[in-house]
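For reference, the structures are reproduced in the following blocks.
In what comes next, subunit A is part of two complexes: it sits with subunit B in the first one and with subunit C in the second one.
And then the complex of A and B:
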């Protein structure tokens, strides 16, 4: 039926050629709608990315002329102990951040009940998620303060000496990651709660009829249905871990002595404080390369899901 | 039927313990936030004598928050943040509706490539953009003005927002668009009369999310601005911390103030906020 209608519509259109605009609006309009956003996207995202790749092959102080050094910045990078520290810290961030999906799932399971006041409780659990990282950074700096902070109070209550977390090179990264996990766990919790609210009732019922309980019920019946939520939680967590910058800038500025720096922060430091734009661009390119692995993995999954949906 | 099994069906002991457990976990969860809020109402004398956690000698709620506004540039930072955030939200909504509509409703070569490009752009590290974007803003004279941040955030957020709108528009009933095509409605009319009214809930969710993202940004505030007359609250709070090193009561009050707009936005629009964040988490 619709085919017949469409055919007649086409016939009407061809019978009345109309203006140039009328004949071409079918493709002109989408182009016009895409153009402003796309041009800006090219200008602010795509081209600068390529420019950074190129810049990483030069020495540049940001003002004077640029001089070609080939892969010089990269060979310097891999001999730079600060770079290796940053890279190591990025890996620590990445591994510890995997606690976020786990913690988020546990909290989601804890509050997924229909009792009085649970809505408010959920909102309060979500709250760290909407706080600015700067806010989280200040809040935790105060919490960790070794003389007056609340953690010192707790340690003293147990008769222990509170550790100076943010000035101890061995503890500092863990302290910052713990602060960063706070909103990240909340984020994952939101995702898993949405997943839990969309479980297939029939499958759950079948599982219960079959006598599945406890951990096997969770592992074989519930978790497979949370695949979409897990996938997104994992993605945002990995990207979040590699992007970490704000908390480090606020809590330690990479200190003490660069021990809490990560690639994102070291890059910023090199560009803004040392005027080494080429070197900074090389660090950014390495970070980009690491993240590209995850981005491509994510894209391949999303694009193939899209293709399935189209068919 | 839900999972886990409703607590109402559990043994009485568990039923009684459940609310207690929630309260205890929640109290631990919010402990750092409680610490900063309690500190924000303390007097300078309390801090001087080291009375950080005992009963305060006086409650300086009003004095401290007033001091933030009168003795620091915080009021100006708030104004700057609004000047940056609100136009950004507005422009993102327009651009992403236009692009999302095309991506959802037109099949053309490169559609998928564009889709992938937008996702990729959304996930890249900001540092890869930093130096060229900063140079670009310097060159066109926007560096250290609110326009630099509005322009950058608009473009960056449009990537995510377009994906969001695309998915929403793609899920609208296809018959609507089929009918419009049959009647020879122009694409502009379709966009204005069919799409725009239907995407309002999506735009509300998007608006809350973009507001929060942009309000909370720190990196670009550092990279693209310098002057106190331009810097948003996040960068302002960081500066304040350098100036008031030991005045933890003032810093705490400023921190609470910076947190209020996004928290308020979240509580007012929670449904939209959660719907926006979890759009992809439900169906895969």
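And then the complex of A and C:
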């Protein structure tokens, strides 16, 4: 497609020198090349997002007439105790999920050693990434089952009463985050492994010559070279924590009585079960606002990094 | 283009496949422009279904095949997941209506009728003379004297009980009153058995308890007023309901940690004897190994106040024609074809549903069905179920509240206040 465009562009340019095309091709070419992507982005992301903002100002059940309520959905939302619970859980997810890059780095350093059988260990650590999130959720639900589950068996073996993690409003979010961390740590491990493979041997050698070993070597020589990998791992983890939804839907459906819900799940519940599209859109807008903070931070980092490289 | 018309047989199947995909993705345009003249009837009848059981899924495919053979009309079935269908129907009825769809009768149907989304089928009822055959159940699909669908099958509710525990703790006598139920349960608790299995992770199983306690204590009329948003969730009449319910919770009548289990996850408690009973619809029969089925019996929910007329839960499924259907004549033809006594008899069999026509032949003598019919015959009126009788938004908040109350009875007042606040918002009252 782009080749055709370029070919025809070249032809036009040679046929009529000094034409409109020649004067404007500086900007027409990039615009034409970007157009398909931009149009799709506009249609699939930007317009629905704006529509969703608009919807959040209406009361709508999905089929009937829409009625304007202004900021009514928002004022109801901020007074809704369920919203505060969901927001609190989102923050718990966010903080605990930061363990994923750390855990991933430790695992990556561990399995990067040249030891016999390490390939097997590497594949085992990698395994949860291959599983669908639904599978992870189901497996962990079975594990946590307070009557028939493996954890119950272990506790019973020691004569203790197993905690009902998914039934306890104080523990449930931690139980789900633990399940979610399993594949997330593996994902970060893969990112760091890729980074470790690209370490500059010369820099490492220079470090060795200067007598760096053990932790100082890691901290001052290896880690700075993993900057790019850490940045990606952190960003992906933050976004992953904020859009957490699948495991909650599988493991608890937001329960018991909404205590493990997060914004994304509450939005789904309001739209799908309660048919409150406007209210759900208001939740989505708030979630968008929270995510936007991180996205802006991410973009500014990327832009400034590019600016540095250009210089 | 040419290649396609070279393979006449491949075309048909490939077209069907593509159309399914296209319809599923909402890109109906993909399938357009291909219709060859291979068939006598050019129009294709579309049916959207939400069948969850294997048996009925096979039957629907079989009926469609027979229908095509008999009439030459091609049928396109869009089979959807049962839960996802509840959301999808709001979109497809407006944006891309099929010719026939499955749904639930009663309030769930009325919501669409009021918005003009279901077609009036009274003409077909008159032509086929169904009113005499369907009898009282006609009311489930009637709004303002007009029929908007056909009832296809009904579920019924009661208490599944282990016969061995009934013999051991109640001398084989089914508890008929509240006190007998408590006495029976207390003996089980003393032996470390939970009287009732329940899985409230799904939320809706808790609603059965609310419905039955309210029906038995306050009666059908008050219950339906509450369902219609005309009575308060803080009405003093409900105190007795929550009192009785709390009595069960306090006596440890329910399995521990029931919020960890969905309704199917709680079944092993009954099967393994960790629990003695399960308040559940007849469809639990699918979850009990066939060889063990004779170890269980089905009881009517006990009487609490003898002065209150007996009412039972009786959810009725139904089949409708959307107002926006393109082939309403074909849809009527299909429904008339489907709604024959012989086919209906096959249709209700796999789920153990009660047939909705009086002239449906009995294919197999079934003790469960007989129990169900006996239970229903003793009832003066029937509700459909909490999440079918009340507004979906109210149902979601209500069932969440019931789950919380069962897990933490101290939250009772807070739950009632929250439900009442929701009722006022939903039914626009202050």
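One rule holds in what follows: the second predicted complex is superposed on the first by the 258 of 311 C-alpha atoms of A that agree within 3 Å, B and C clash if a C-alpha of one lies under 4 Å from a C-alpha of the other, contacts with A are read in each partner's own complex, and residues count from 1 in each chain.
The definition used in the following text is that contacts are C-beta pairs under 8 Å (C-beta built on N, C-alpha and C of every residue); 3 or more make two chains touch, one makes a residue touch a chain.
Predicted model, so just to flag it, every value in this text is computed and none were measured.
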item: Touching partner for A:84 - first (subunit B), second (subunit C), both, neither; value: neither
item: Touching partner for A:293 - first (subunit B), second (subunit C), both, neither; value: neither
item: Subunit B versus subunit C, judged by how many residues of subunit A each one touches; value: B
item: A:243 touches, of subunit B and subunit C: first, second, both or neither?; value: first
item: Which superposed partner A:71 touches (first subunit B, second subunit C, both, neither); value: neither
item: First (subunit B), second (subunit C), both or neither touched by A:160; value: neither
item: Touching partner for A:275 - first (subunit B), second (subunit C), both, neither; value: second
item: Partner chain in contact with A:146 - subunit B first, subunit C second, else both or neither; value: second
item: Which superposed partner A:102 touches (first subunit B, second subunit C, both, neither); value: neither
item: Subunit B versus subunit C as contact partner of A:257, first or second or both or neither; value: second
item: Common interface positions of subunit A, toward subunit B and toward subunit C; value: 62, 145, 148, 272
item: Residues of subunit A touching subunit B in the complex; value: 2, 5-6, 9, 12-13, 25-26, 29-30, 33-34, 36-38, 40-41, 43-49, 51-52, 55, 62, 107, 109-115, 117-118, 121, 123-128, 130-135, 138-140, 142-143, 145, 148-150, 153, 182, 187, 190-199, 201, 204-205, 208, 218, 222, 227-229, 231-233, 239, 242-243, 245-246, 249-250, 263-264, 267-268, 271-272, 277, 280-281, 283-285, 287-288, 291, 294-295, 298-299, 302-303, 305-307
item: Subunit C residues within the subunit A interface of the complex; value: 86-87, 90-91, 93-94, 115, 117, 200-203, 255-260, 265, 268-269, 274, 392-393, 396-397, 400-401, 403-404, 407
item: Footprint of subunit A on subunit B - complex, ascending; value: 1-4, 6-8, 18-19, 21-22, 25-26, 29-33, 35-36, 39, 47, 50, 52-53, 95-96, 98-99, 101-102, 106, 108, 112, 114-121, 123-133, 136, 151-152, 154-156, 158-159, 162, 178, 181-182, 184, 186-188, 191, 212, 215-219, 222-223, 233-235, 237-238, 241, 248, 251-252, 255, 258-259, 262-263, 265-267, 270, 273-274, 277-278, 280-284
item: Residues on subunit A engaged by subunit C in the complex (per definition of touch); value: 62-64, 141, 144-148, 164, 166-167, 252-253, 255-258, 269, 272-276
